[in-house]
Every structure is written in C-alpha cells, then in structure tokens.
Amino acid sequence: MSQSVQHNPALTSSLLYLDGVSVSFDGFKAIRGLSLVIAPGEMRAIIGPNGAGKTTMMDIITGKTKPDEGTVMFGGSVDLTRLDEAAIANLGIGRKFQKPTVFDFHTIEDNILLALKSQRSVAKTLFWKTAAANQKRIDDILGIIKLGDARNRLAGSLSHGQKQWLEIGMLLAQDPKLLLVDEPAAGMTDGETAETAVLLKEIAKDHSVIVVEHDMGFIRELGVKVTVLHEGSVLAEGPLDQVSANERVVEVYLGR
Amino acid sequence: MITRFLIQGMDKRGLVFLALLAGLALLVPLSNLLLPPGSFLHVPTSTMSLWGKYLCYALLAISLDLVWGYCGILSLGHGAFFALGGYAMGMYLMRQIGSRGVYGNPILPDFMVFLNWGELPWYWYGFSSFPFAMLMVLLVPGLLAFVFGWFAFRSRVTGVYLSIITQALTYALLLAFFRNDMGFGGNNGLTDFKDILGFNVQAQTTRAALFAMTCVMLIASFLIARGIVDSKLGKVVIAIRDAESRTRFLGYRVDRFKLFVFTVSACMAGVAGALYVPQVGIINPSEFAPANSIETVIWVAIGGRGTLVGAALGAVVVNYAKTVFTSGFMAPYWLFALGALFVFVTLFMPKGILGTAQDWWGKRRKPEPATPVAEPAAAE
Amino acid sequence: MSVNSTRRVILGAALAGATFLGSFLPAAAQETIKVGILHSLSGTMAISETTLKDVMLMLIEEQNKKGGLLGKKLEAVVVDPASNWPLFAEKARELIAKDKVSAVFGCWTSVSRKSVLPVFKELNSILFYPVQYEGEESERNVFYTGAAPNQQAIPAVDYLAKEEKVQRWVLAGTDYVYPRTTNKILEAYLKSKGVASEDIMINYTPFGHSDWQTIVSDIKKFGSAGKKTAVVSTINGDANVPFYKELGNQGIKATDIPVVAFSVGEEELAGIDTKPLLGHLAAWNYFQSIKTPENDAFIKQWQAFTKNPKRVTNDPMEAHVIGFAMWVKAVEKAKSTDPDKVIEALPGIEAPNLTGGISKMLPNHHITKPVFIGEIKPDGQFDVVWKTQGLVPGDAWSKELDGSKDLIGDWVEKKCGNFNVKTGKCGGA
Amino acid sequence: MISIARLLRQLVVLTALLISPLAAFAQGADDAFTRLGADSYSDTARAVEMLVTSAHPQAAAIIEALGDGRLLAGGGAVIVKTRDGKLIDAKTGQPVATEPAGLSAVRLNNNVRRVVQAALGGLGLLNPDAGKRIAAAEAVFKSRDVTVLPVLEAAIAKESDAKAKAALRQAQAAILIVKTDAPPFDRLAAVDVLRERGDQEALATLRSLPGDASPALKDAQGRAIAAIEGNLALWRAGQNLWYGLSLGSVLLLAAIGLAITFGVMGVINMAHGEMVMLGAYTTFVVQELIRTSAPGLFDYSLMIAIPAAFLVAGAVGIAIERGVIRFLYGRPLETLLATWGISLILQQAVRTGFGPTNREVGAPNFMSGAFEIGGLAITWNRLWIIVFAGLVFAALLAILKLTPMGLQMRAVTQNRRMASAMGIRTGRIDALTFGLGSGVAGLAGVALSQIDNVSPNLGQSYIIDSFMVVVFGGVGNLWGTLVGAMTLGVANKFLEPYAGAVLGKIALLVFIILFIQKRPRGLFALKGRAVEA
C-alpha cells in the first residue's frame, strides 16, 4: 500500500473504497483495474452483462477471493484483503447470494437466530441462551419479512421468493454497516419484486447497500446511483437515466 | 435439576434410548450376577460381553455421527481415535500385569522381553496409574484430532479430500503400529490382561461392571452430544454442514467450530476404544485398518445419520447381524448377506433405519428437523 | 429425574431388554460331541485357513464313519472369524459358552491365538493350534501341533551352513512377531556359530508387501560380496508370490542365492509359476511328496473329499490330522470330553504322523516332529533333500534367547508353562 | 562335497587332453555309474567329477541329462533319456529299446546342480558357441582358481569374439588379483580390467586382493574401488529412478480407472479394486483355456486377456452402474456405502467360485527375465508394464479428448441437465463412462497378475493407494493422476533404501496429508468460480 493512499480524502470519507483491483483465474482476467467508492449511508446499484465481474467483485469485498493487486479498504482504515470471510462479516459487511442460500434444515426462526448480531465464538454459542431482547429482535425481523407465521417451518420448505426474503431478513439480523445484495429480485413475481424494492429502500435508510441486479425496472424503482461494470472494470457511473443513455453501455448490453 | 432440564429438552426418541440404556446398565449385570444360569431371564456372561462390545461400537458410531451427521465432515479415519483410546487403556492394563507375565519381568511387558528391549520406552511412563491412563484416553485422540483438524480445517480441506486424508491418517498409523520397533507390541498388539483397578478383568463381576460402565458412558456421551447439537453451537454446526460458505459470511469461524466438534468426537471415540479393550481382551493395529473406519460410517448410514440414536442403533444392528451371520450354515456366505444389506439400505432406505421408520411412523406429525436427505457438504 | 418417571423408564427398559436378550439363551442339552472349527473363511487369512476348515470337516466325517467317539456322533460347529482378531475372541467365546464345544481346532496367525487365549483360559476349554509359530508360549488350554522354532528354523539354517556352505545370511521377514522372534533366535544362533555381524542382513517388510524390486536388488548386492549367501525367509503368505516372482525375474537362481522359507508350502506354490524357483528351499515337518502309505491314503482321501484331483496338501493340514487323532485318543483315554480330564490325558498321547513316524504330545503341550528340508520342483511340489534322524521334540521356550533359556513348560509335573529351572519356580524369572 | 575349484582343476586336465588330439579313455567311469545309481547327492556330485576326469565320450550328454532331470538310474543301469524321449544307455551310448524296471530319475539338490553347471560351463571354455564360452568365463571369474590360468590364457589366445574375449580377460584378471606370484605389472593391469568391468562383482573381486600386496598395487586397488563405488552410486540412483517409475506405472494402472469413475463421475467407487481383481481372474481363465485347448498360443495369452479383461470388468461395471449407482447420483457418499457392499459381494463371489487360494498366472517368455543397460538391471515384465501403462493412459486420453463419446462424457459430467437438453442420452453415457473406468481397472488386473497374487484380496491392497494417487493428483484430471502416480512411485523408491519400506510409506502418507493442506484440491486443481458452484 502506498503512502498516498493513506491521505486520500476520497478514502478517509468512504465506507468502502476499491482502487485498481485486479484478479484473474487461470489466465482469465475477471476483474481488471476496478475502482469504486461507496459513501456511508449510500445505496448503490451495480449492473452489467453476464461475466462483467459483479459476483467476483462481491467475492473480493467479502474476502472469498483475494485480489492479485489493488486496494480494498473498509471504513477508511481497514484493509479487507488481509481478512477472511468471518472477520469481514464481523466488521459489518453482510452478503446476500445470487442463489438464495438459507439453512434448509433449520427453522426460519433459527435461521434468523444464527444471523443475529452476537458473539460468534465457539464457547459463546455452546452456552448461548436467547435473551428477551434477542427474541424481540427476531420477532421484529420476522415481522418485517412477513414470515412471522411460518417461524417454525423448515427453511427448505419455503418458496423461492420467501427464501430471498428470509435471506434479506438474515442480513437485517446481522445489522451490518454495508449490505451486498446479489440479484434480490431474481425469480420473483412482479408483486414480490415491488415489495422487495420497498423493503430495500427501507433498509437503506440506516445501512449502506450495494445492489447487483439485472432487472432495470427494479433498479428504476430503487432510484439510486448506478455503476455499470463491463469486462471487470467500471464502464459508466451515474443516475440510471444518464447511464442508460450512454452509448457504450447500450452497445455492451445489446451486443452491437 | 440438570437432569430434569435435559429430560425436558429431549425428544421422545432420545428418552426411549436413554431409558433403554439405563435399564440395560442396571438389569443385565444384575440378571447375570444374581439369577441362576438356568433361569429364563438369566443373561449369560458371553452374551453380556458381546453386548458390551456392541455398545462400545455404538459409542463410536455416535461420535462419528456427531461430525458426519451434524457437521458434514465424513471422517474415514475415526477408527484411529478409537484405537488410540484403546491403546492407552491397553498400556494401562499391560502395566497392571506387573511380574505376572510369562517372563516375570516386573517392568517390561512380555513382548518387550522377548524382543530384547532393555528398558521401558519413555512413552510408557505413567501408564501404570489409572487416572493418568484415563487422561491419555481422552488426550491422545483429542490432541491428534486437534492438530490434524487445526491444519485441515484452516486450509479448508473439505469433501472427499478431507475423507481421503483422514483415511491416509489412519492408514499411516496402522503401518506405524504394525512396526515392532514402535514398542506397542507390533501385530500381536497388547493382550493377556490380568487386572483393572485391582479386579480380575475376566471375573464375572468385573465384566458386569464394565458392561454397566459402558452403558453409563454411552448415556453420558449421548447427553453431551445431544447437548451440543441442541445448543446454538449445534445449529451453527448444522448450518456449516448445509451451507458452509453462507455460515462463514455470517461471521462464524467455520474452522473453529469444526475443530471443536471434531476434537470432542475424537475424545468420545477414544473413550469407546478404552471401554472396548478390557471387554474383548486385545488391542492390535488392525483396529486402525481403513476398512474398520469405513464400516463405522456404514453403521451410521444404516441407522440413520444426523440422529445420534440411529447411529447407535445402526452399530448394534450391523454387528448383531455379523455375529449371527458368521456362525452356522451362513458362515461361508455371510459377506453376501452383509454386502447386500449395505446396497439395500443405500438404495431403499437413504435415511437409514431410523429415518425411514420415522417417515413411515409419523407421516402426520411434523418432521424432525435434523435429518438430512442428501449430503450437501460432500457434493462440492 | 422424578421417582415416578424413573420407575417407568426402568420398567420399559427391562421389558425391552428381556425380549432383546431372550434370543440368546443357551442351546438345548447336547446329544452329540461338538467340535469347534475357528478358521477365517473370509478376509485376508481365508486364503490359508479355509483349507484347514475343510480338513477338519473331513476328519470329523471320517471319525463318524468309524462310529463316532464314546458312542456319540461328532458334530462340527463352523464359525467365520473373518480375519478379524477381536471377532476371533468373540467367536471363541460363542463356541465354548453357547455351543458348548468340547474342543476347538483353529487359528492361524499368532495374533489370533493371542486374542482367543484369555477366552480359553477363562472358560477352560481346549484349543489345537496347527501352525508353525514363534514359540515362547506354553499354555494349559492350548496344544501346539505346528512347529516351534527349533523344529523348523534351526535345522534349516544348519542344513544351509553344512550342505551349502553358506557364510552370509539374509534374514528377510514380514514385520510381525513370528519373523521377529525367529530372526532373533537365528541371529543369536548364527553368532554362536561364529558368523560375524556384517555377514547378517535383517530386513522387515509390511504385510502384503508387493513391490520387492529394491529389496531383491539389495539381496543381490549383499550376495555378491564373495561369500556364499542364502536368504532365510519368514515372509508371510500373501507377500511371497510377488517376492518369488521378482526373484525369478531378477534372475536369482537357487544355485546362486538359495532362499529357504518357513511359510511357503504346497498351497502357496500353487499360485506361482515354479519353474524359475527350482531349487529354492522350504523347511517343514511334512511334505506332500513324501511317500508313505499313510500319506498316500490321506492325499487320496483329501482329493476325493474336495472332489479335486489336483488339490494339494500341506504341513498345517498334517498338524490338524495329528492333533485331531491325539484329541480322539485322549478323550477315549479319559472316557470323557471334560476339558480338565482331556487336558490331563493329552500329554504322552501318541499318534502316527503322515511321514511314517509316531508323534507324541509333550508335557509342554508341543509335539515331537520330524524336520524335512525340501527343494522346490518345477511341478510345485518339494523334493526332500534332507531330514532329521528321528523326531525332534518341540521347545516351548527358545534356548537361544536370554529371556527364555532357563524356562520350560511342564504341565504334568510342575503344572505350569513357564517353570524356571534355575530358580526352581514357576512364573518366569 | 566337492568344490567348484577342485572341479575346475580337473577340467584343466581334461582340456589339456582335449587340446591334444589324443582323447584317452580313462578308468573310473564305471565307478561313476555306480555312484549315479546310489541315490545320494554326494555320490552324484562325485560321479559328475569322475565323468569329467574320465573323459568318457558320453560325459557331456550324461551331465546335461542329469541337469535336466533326464538321467534315469536303478538296478545297475544308467540311462539317458534324450529330449525327444529316446532311451540311450549311458555307458555305451547304444539305444535301449525297452525301459528296464525300477528306474527313477537321478535327483539333484542345489549342490549337485552347481557342480553340473560348473562342469558344463567349464567344458565350455573352448565350446564353439560364444555364449557358452562367456558363461564358462563367468564361472572362472567367480571361482578365481589359479590353476585354470594356463587353459584360460590358451583360450584367450584363440578367442576371436570380442565379447567372449573381454569375459575371458576379466576371468584372467580375477585370477591375477589373487595370484600373488604373478608379475606385478600384469596384476596392475588386472586391476584396470576389473575397474573397467565396474560392477558389484568386480568390487568384490578387488576387495579380495591379499593383504601383502605391494603399496603400488594397493594404491591402484584403492583408486579402482573408489571409482567403481562412485560409479555404482550413480547407477543406483538410476536404478531407484527405474524402480520408482515401475512402481509409479503400477500405481497409475491401478488408479487410472478410478480417475474416471471417481475423478470424472464423482462416484466414490470402493469396488474399484474388485474390478482390478476381476481383470486378473479373467487373465487366469484365459490362460487356463489356452493351456488346455491351445498351448501354442501361450505367449499370446496376455494379448488375448487384455480385451477379455476389459470387456468382463467393463460389463460388470455397467451392470453395477445400471443396477445401483444410477439411483445414487448427487449423493456421492452413498455411492461409497453401496460400492463397499458390492466389493464385499464380489470378493466373496470370487472366493466361492475360484477358491480362496492364489491362482497361478504364468509369464509369457517375452516377459520373463531381465537385461542390463550399463549398471541398470531391467526386468522385462516391469518394462512391459510401464509401456502398457503408457499406452492405456494415452488411449484413455484420446478417448476423452478425441472421440464423440468422450465429448459427450465431458458434457454430461460438467452439466448433466444441459447435456440432456441437447439430446445426449445421459443414462447411456453414465453407464458407458462407468464401464470404461471399470474396464480400464480390468486392464490393470492383467498387468498386476504378472507381479502380484491373483487372489480374492488382490483389489483390497490397491484401493487405498489408488485413492491417494487420484486425490493427490487432483480429482477430475487425468494428467494429475499420471504425475501423482509417478511422483509417489519415485518418492517411495528413493525413500525406501534410507527409511525402509514401512517408514517410507508412512512418510509418503504424511506428505500427502500435508500437501493437501497446501493445495486442498490436489496437484492439478481447477481454479475459479466454477469449482465452488
């Protein structure tokens, strides 16, 4: 890390700061020189065609993939490239996967319980007792994601859309500073999509959020700043209308 | 108080299991010792020691179920921890022989005398003390599991890779213990035990006590295992089994949880081995054979993985079948029967005996949460 | 736990336990004399032990044709301990306690014998053990009808030293107790005959070792030092085939470096092309090729019994023949199958062996046997090139080892297996 | 007991007689015939010696017959049975019409065999066949008998064949080393000859230099020994490498079928070893059929067994896949249990059908024996197994990469649903892939029948090693299996001389455990997102 980075105002005021990040798999450059800055409290939508590097970017932020080069800083001072997934999660970065990933053999309530912000050590979990405050928080979240009645059902028995919501609920339970949300509206009905957008906007009131999405209607509903990724780097950035007018973006999307 | 809490937290299946074990622990030794041999309810000593052996296997199966059924770690080397516990106990029993060995050497076990060992190797020190030996029963398998798991889980070795290196571990130990130069009696292992805590190991009362002790340890281990899987840690562990990286993104240090469960399980396996040795009268390196560990996996699968009770049931059923099949007219063909049983169970009873029975029994009731249908952890 | 629930639980358990265990009640009173056969029919040792089971079935059938024993028919009880040592102990217990057999014929490896030993002692029954072994044992309940080291290993080494003028020795064995002990005895014996340490090479390999390239080339190297060299092989059954195949391929002929084996008999050779092995040796107390009327009859009977005119016979089979004959005589003498009476009757009992002599059960529970050295013939049989004058009594304790040279087994006079002639006491040192 | 040295000394006499055209008929032959009939090894050996000195015209034929077990004796008669079955009276050389009663073959032990060899070899110093002369020279080289020297020198003078001449010179050098009264210059030259020969035996001969030799000679001897030892150490490394490659090729053969069934299909196939065993038993059956119906084809038996073993093991594999495994896709660990059960059944089935004992599979002529390249001793069977392993590997690679079936196999294993949507009959491809893997295991059985037991336990001894190789190399990568097998084979053989067979193997297992920590997906792991999906 160079000295200049330390005194970079863009860095110190940011929540998440990516600069010149590259990574390659077996010679294929998935991310090349990606730079991105998210301010505290900001909600950002990221779009891009398949293979643009959206998921890999999330992998880098959450510690699943280590970049070959570049800077990834959180809260202006923490170098994320040096931490593993668990440490990054405990810093306050939550992630929702593209394919809804919940614990199929746990009840919905237990899924939330596992995500609930708490000490994560072996000893603490072994002797855990759910306090009243925790229980209230769980009930609140179940209310928000509208699964309160199904709390004792196995998560594996939920519909696709319900699983998406459960996963968002788990993110809420984690109470992270930054949420990474990968295609929350995928496979949802129009009604569900609209409700999800409302839910995300609600969440964005007191959290920073990065949303990766294909569904332009959904992005429009969110009404936030958009970053377009292409072949592993940023192609355009700005409000949706401005971005969608960009000729390069149109070209990339329509494959002309 | 604590027992009441446990009983309340326990499902019906667990209660029946515990009651059965408690009954066995009490009634079998009493019937063996007090009733006359001709009586209808008399349990012959041979039957009692046979069931003692089954119950040791059941304990081993429960320990494996804890890591495999709940944490998704398929250990093909659990026999190693069992055997190490057994060796620790065997070393204690060897030291108890004292000068009653065939050569009458007060310090050296017989096999060392006739292979001209000058003095007792350092790692045999202390084993004449029962508390020390019992500590080693827990510590040696536990420590090995801890060190092995520390590396393997931190390096995120998973699925078949992990299974195969656990197999490599037990295979390496098998070869090592076969070597006579190791000072563990080579292929013949440790045998011809005399006393345990001053009681003759072959006396009927000692056997009865060992049987009761096995039941008690099985109950204790079952309660510990139940306690673990019912705690929040247990939920984390199941989460790891079903979606390891999701759990990691929730902020759990997956490697530490796996390490904890793996180490606890290894200690349990060690206890099972320690109880097994005085009852069968021998411990030798073939307990390390990879085939034994694979067979343990099969017991768990047959009984129903992720149920604890099922694992114990599977161990007893398979071993009972083995006892029956290896005698009489079936003797030359029993492998056909056993092999067919394995194929049948995997094909038609993927949830094992317990899971299938439960499905069949309680279609109308809500399903038990902890029974996995598939094996997501190894599918990677 | 509340009192009430405790009671319920125990009651339930009692009921379940009783039904569970009911199936194990002892069998009804016996009208036949039962004989246990404890040989592995599956697993790694099945290769050697299955044959012995068949021999026992044949002997029992024959005895029944002669009218049985004490006016009762004999009944064979076959179990399969599956090459699994704890299972050996379990099966032994089952045979004695549940099936109430009068005697057991069985085991092959030392570890299987060690594993069943406590059971036989505890339940006081009789085991006939038919395989050559390392000695250092004399137990009241066990009768050893195979060779002790002084009935196999030492005569073989004497033969090589005298007839082949061997001066350099390779002691190659599988790493388990029989080779370890035998090699220890041989090393002490050779050194006492003036062989220098650098002229003895000892090598151990794991069970089932199959890649012999390095070791065979080491033997070749060791053998090219100008002195006549021989290999004394205590390599265990399964590993022998690849070992001999490698010897043959690397062109080690018996005239260059002869190999004398203690675990290779007719059965093992049946799996090898023996042409390249011409002249390599084996030391046993019996060979199929020995021409005596008893042996001819036995071979004929065996081949008829197995319905295979090519079926071979071997040394441990003969040991069972002798052991069974001795047991029958002892039971007749004691007029009972009561173990104590039979154990008392057995020492001194004589039975003809198949090579023209009369073997005798000694007070140390070993028997007298002739020793033969045979060279491998191209047809997989052995050509006897040397034999002892008369029969050699088996030593339970080796005279060559420091720990055991003062020990004898004597169950007739001293009533113990480890009587120390120096201190005059039982119980080792 | 007769020493070879003494025999050779008598050969000198005999050869002297042969060199001079006056072939005299000596006494004592009658005594020899009596001794041959005595059925005592020492008498037989003595008789050979007598026959040689007596220069009986039939001597060579009689001794040769004795060595082959074709010499019959009994009731005072000694008869040679010729190779084509005719009977000839040994004393007179006249044919005998009917075999007299009470005859039996004269028995040999190793000692008699050695005497016979020495006699035949010694007689061969002047044999017209160069090969026999070389063998004779070797015999002299080993005996280092001083008295043979004059004959040897005469033979050297006459020798025209370069190889035979070198052998004779080496024999001469060996004698000169121990002949203290030989000219010092000749003895120094002898050291050089031995140094040139440079093998283990030359070393042994050099070491037998008497202690009272001159300082110059001792010095030369010391330097020669050092040179030979250095040279041999190099060769030994080469030999270890060869052994390693040979072991590696065995591991490769055993593991490569598993690389298909386990590596490509993801079936934890515990019955893999039994497929190898079935291949070995097929080889046995093929050989038995050939032995009984067409003995002339014996040398081709393995060639015939190769396709047979492939088909048998492959067919059983397909049956297993269709009958059991196809119901278990997506549940890899359940395949472990089911195939374990199948392996028990197959083992016991073979045990019941073929008996529990080992079965004999013979080696065809081209696979027997060994040859030397420099200091490397190479056995033919190992060489052929390496070649065979290479061919199987190449063929398998070609099938997977070049054929439509291979393409479909890869498509199915990578994305079953997609492949199915594109019209590939996935069920058929699964069965064929499993059959291919099993068939290749059967091929391994053909090779293993040449070096290991053909017994029901054969497969068990290779299954663990096979899994280690596949996992070490990286699941799903044939090249990984190749590199893995060779690495483990060579490492094993370089460790063995230092650590011993057992510790060497333990060290390798520990190495694999540690290696997997470093590369949790084996040597040739796939990287990137696809792996985690």
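Letters are used for the chains, namely A, B, C and D, taken in the order the chains are written, and counting of residues starts over at 1 for each.
Please note the rule applied: contacts are C-beta pairs under 8 Å (C-beta built on N, C-alpha and C of every residue); 3 or more make two chains touch, one makes a residue touch a chain.
To keep track of the chains, here are their UniProt names: A = Urea ABC transporter ATP-binding protein UrtD; B = Urea ABC transporter permease subunit UrtC; C = Urea ABC transporter substrate-binding protein; D = Urea ABC transporter permease subunit UrtB.
Since this is a predicted model, take the numbers as computed values, not measurements.
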Review point. Of all chains present, which has the mean Cα position farthest from that of chain D?
Key: A
Revision key, fill the gap. Most contacts overall join chains B-C
Exercise for review: Could you tell me the distance, in whole angstrom, between the mean C-alpha positions of chain B and chain C?
Suggested key: 33
Check your understanding: Can you give the whole-Å distance between the Cα centres of chain A and chain D?
Key -> 65
Practice item. Determine the centre-to-centre distance between chain B and chain D, using the mean Cα coordinates as centres, and give it in whole Å. Key: 45
Revision key, fill the gap. Touching at least 2 other chains, the residues of chain B are 175, 178-179, 245, 332, 335
Review point. Mind pulling the chain C residues that touch 2 or more other chains?
Key: 41-42, 175, 204, 206
Check your understanding: Which parts of chain D, given as residue numbers and ranges, touch two or more other chains?
Key -> 347-348, 460, 502, 505
Revision key, fill the gap. Chain B partner, complex, touching residues on chain C are 1-2, 5, 8-10, 12-14, 16-18, 21-22, 24-26, 41-42, 77-82, 84-87, 89-91, 93-94, 96-98, 109-111, 114-115, 117-119, 121-122, 136-137, 175-177, 180-181, 184, 204, 206-207, 401-404, 407, 417-418, 420, 427-429
Review point. Within the complex, which stretch of chain C touches chain D?
Key: 41-44, 46-47, 50-51, 163-165, 175, 203-206, 208-211, 213-215, 217-218, 220-221, 224-226, 238, 241-242, 245-246, 248-251, 254-255, 258, 267-268, 270-273, 276, 279, 281, 375, 383, 385
Revision key, fill the gap. Seen from chain B, its contact residues with chain C in the complex are 3-4, 7, 15-16, 18-24, 26-28, 37, 40-41, 43-47, 49-51, 53, 99-105, 111, 113-116, 175, 178-180, 186-189, 191-193, 202, 276, 280-282, 284, 286-287, 322-323, 326-328, 331-332, 334-335
Practice item. Give every residue of chain D touching chain C within the complex, in rising order. Key: 1, 41, 107-111, 113-114, 117, 200-201, 203-205, 207-208, 239-240, 243, 246-247, 250, 347-348, 351, 355-363, 368-370, 377, 379-382, 450-457, 460-461, 492-493, 496-497, 500-502, 505
Review point. In the complex of these two chains, what residues of chain A are touching chain B?
Key: 62, 64, 84-86, 89-90, 94-95, 97, 101-107, 110, 113-115, 120-122, 125-128, 130, 154, 170, 174
